[in-house]
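Read through the structures below before going on.
Both of the next two complexes hold chain A, though its partner changes from chain B to chain C.
So, the complex of A and B:
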């Protein structure tokens, strides 16, 4: 492999940067769940600050990919490696955005009467987090099989979302005095549901990278 | 739309003395397409392209098996007239090789040999061929100049014009741009795209990006064997054979 030592090094650096970005994103989701349950405003602010770090990582990785395309003209597996990285970081960045959105909602709850956080919402958030971690693990070990396991988990998230939504609608009708908190809580739920969607995308990019074709959904 | 095939290579093997250079090649070349042949040095790609117009005949001790069907006949059939085959199947080489004559005389050399004497007819052929080779505008005022006064890229297009002057069906190109600068290379590549409307092009190239840019089909040769032959997009996006992938990504050289 002497012929492409530089390129191999660049690819290894790219993978390492994506893992770094993935770790930051995972931390944001974990913290978002904690901050929501404990109404931890300080932690919520930390998540919002971390979003800038993740945005910077996305730009850095994007530049690495563009450099590689311009200078190495990757083909076949290498081309899929670089293009899937380019697509996947967009999803990771969106996940971080949603964690930040959730944090903004947590800060809005401050000073208002606490409403109960539905058990299914916590479950949903947990599944979303598991999907992000699983998709990233599948990326690290290049396993389409593993990625597919996490792709199908999105159905469970959608089910949970419907359950939480119906529960919140019910609560709005019986407890109209706190309707604002329920509406915000519905947003929180929606953001976690979107996080799961983007995790599904990440897993699909892993499948694309390994198999060279898109998973048919 | 069903493709029309101009060449059908069937179980074709070739030896130089005792050394086998091509092994059991099965390959169909479609009309009005650009077929690129890639592979590392010594893989047999140049041997294969030189076989298509029987240039390999010039090498002593060549022995073949199998057949290459062109226009309904095996090109090694006794009834084939090699000169006629080489008229219908022209070739452009790695280094431009104009004759030490004027630009005009270079282009009309073939038609002259084929008995065209009429001056205005020769002039028509020269203009048409030079236009088809995208060289006319650059040389129309200096047709009497020696061909060696042209740049390398222009000389190569002159050689293409010379091939086109005898109205072939197929143009074989053996690394036609490897001696040219990037701009001249792009001109030849553009030209190839235009030529395929009228001709069938087979091109051997060491430049993988070139193969991916200009060809419709790509064949990958390795150690005398045809490893993979498919649509160019398929070869460069997701080759089926690991050896193809390793070669085009530079994992072995």
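So, the complex of A and C:
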């Protein structure tokens, strides 16, 4: 019984660590959007610095998981809990990487006469951010239902991505002088789209954890 | 308990009956055997007497039929020689019968020289039969009497059946009385149990109300229970009232407030917290870690430190809210409760205060910068004129022209700042006159005609025939100079930031008796979405270099906004990149 209680405590700590990592990731995305709109280089540098913190968190959580598997040999639901945590943090870490990539692009814009940021790109970034938060909330309350809600949101992101992409292609043809910036902007857009994909993965891991099945998309 | 009691009774009853039945069956059986034996023995004696008289087989037959055959039973008599040969039988022809020496009753009778008893299936008749054989002393033959067992069995069967009937009747009566009795004693206990269960489910209005005349222990217990229920109900109601009051107060507070225990699990959040920090609804009935509500590791650290040092903490922290990153003054105070310490955390949004402070310093920096740029230019040209011998009057005049333009710009800027501070200080407009807004618009358009034609921009306005919906006359009552200021600033902007050969449309209308709307639209390059919310700020420029080049002071739209606010109105901007911008001003006049 004591061992079980120790295990439950360790699980609760693990969940909290994951949410903590998620919070750092959310901070990075929020700041990336602000830095992009306001061309805030200081903020962009902060995001790149934060990436190290998130990497460290990933390693810590990974060690926690492996330690639990080695010492407690969890089965059934407990095993799902630990394995989904292992998979989920990889996605969170990738999201943080993308936020960091976006920041590098923002720094590249420095000193140039900025082209306009497409309104739909901002919307897309907002939806991606909402998905990350939503997937984490679903993880906190173990709700497959809530997770599903954010899984389907990815379709909207794909739609917006196509729209922004076409718009950027059009702009490249009419304003070839700024083609380099448009290309970078397309990268930024792609990174946000990837962030949404990873958020979708996180939500799918939540569904796997709750229901024990994992649909591959 | 009651069921067990009933089971025991049933068990004892059955055991009692079975033993009684066994004993009486045995007694009945013994008695039956005895009487049968006696009857058969009597029959033998009678036959023996007849034989003594020297009666023939036919006479004995006659005699037996008369004396020993009744309707229900027929005693069978057999006369057997000592050799085993059947000499006579009352039921069968003697000749057909075999040797009887090996029949157990005959063998016993011969062996003892007295009598033998056996109960067995008859070989001749094939039915269960009771046999008694006795040796007739005078003739030396053996006389055997037999009676079919069916008679005997039927008597036992009848008695057993009767006994069973009595048993079942008694068992039923006993069971019934047992049930009723146990119900009667158990009923109050069951009622007490049900009431306690309902109370456990939260229904404190439950009462048992034992009869006043009832003095039993259970009735006393029920009365105590009722008393307890009454006290609990009052206490519970008070608690709910207190809770509602607390909820009301905490939810009415316009700051997010949360409470967390020493393991940093959220025990309470108010409505404002949900509004500000929660993107998705989280369940209320579950403890959640604080980090899942307030997305800030710094806040978590602050609360942890408050618990560690056992004091209140207060810090400015930047936290992601639903509307993005904002700065909060986070106040953590600890309070003692029955379940240990609770931290109450209040969040005060100070972003606006910070923004205001930044705006003010921006303004000072802006004014200084805007004033210094033309001044530097003027002093530079004056120096050049003074120090260098410039003989060419054309060059000298060009320099003087530049100085003039820069002085003009300084003048504009100071005028704008004066206008702005004048409007800002005013609470309400104090000068009113009635005039035609369309006529005023046309006047302004004429004023700006030079600038418009320089850029080949056509301005469509006021009573122009191109605007079909426009009323010929739009009388309003306001300060004419201020409205003129709005129109100059808006139309000037629309001309300046237009493309060559573009168009500016000024439309005014009255959506209702109290308001007037002025829309100024252009066909310029538009304003990017991210700049839109800030264009009404002082010195805010979408494109810093270009704007100054075009001669703006950076205060135009800010003045428009402040005049609109003076008239309890508002300004808004809509822009489609590449197509143009529409600025709308709503005034209450």
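Here is the rule we go by: the second predicted complex is superposed on the first by the 211 of 217 C-alpha atoms of A that agree within 3 Å, B and C clash if a C-alpha of one lies under 4 Å from a C-alpha of the other, contacts with A are read in each partner's own complex, and residues count from 1 in each chain.
The rule we apply is simple: a contact is a pair of C-beta atoms (placed from the backbone, for glycine too) under 8 Å apart; a residue touches a chain by one contact, two chains touch by 3 or more.
Predicted model, so just to flag it, every value in this text is computed and none were measured.
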{"item": "Room on chain A for both chain B and chain C (clash or fit)", "value": "fit"}
{"item": "Touched partner set for A:73, first chain B, second chain C, both or neither", "value": "first"}
{"item": "Touching partner for A:212 - first (chain B), second (chain C), both, neither", "value": "first"}
{"item": "Residue contacts on chain A - larger count, chain B or chain C", "value": "C"}
{"item": "Which superposed partner A:173 touches (first chain B, second chain C, both, neither)", "value": "neither"}
{"item": "Chain B versus chain C as contact partner of A:7, first or second or both or neither", "value": "first"}
{"item": "Shortest span in Å between Cα atoms of chain B and of chain C, once chain A is used as the common reference", "value": "15"}
{"item": "Footprint overlap on chain A, comparing chain B with chain C", "value": "none"}
{"item": "In the complex with chain A, residue positions of chain C that touch it", "value": "279-280, 282-283, 286, 288-289, 291-292, 295-297, 300, 320, 324-325, 528-530, 577"}
{"item": "Residue numbers on chain B that touch chain A, as the complex places them", "value": "208-209, 212, 236-239, 245, 248-253"}
{"item": "Interface residues, chain A side, partner chain C - complex", "value": "15-16, 19-20, 23-24, 26-27, 30-31, 33-34, 37-38, 116-117, 119, 122, 130, 133-134, 136-138, 140-141, 146"}
{"item": "For the chain A and chain B complex, residues of the former touching the latter", "value": "1, 3-4, 7, 73-80, 212-213"}
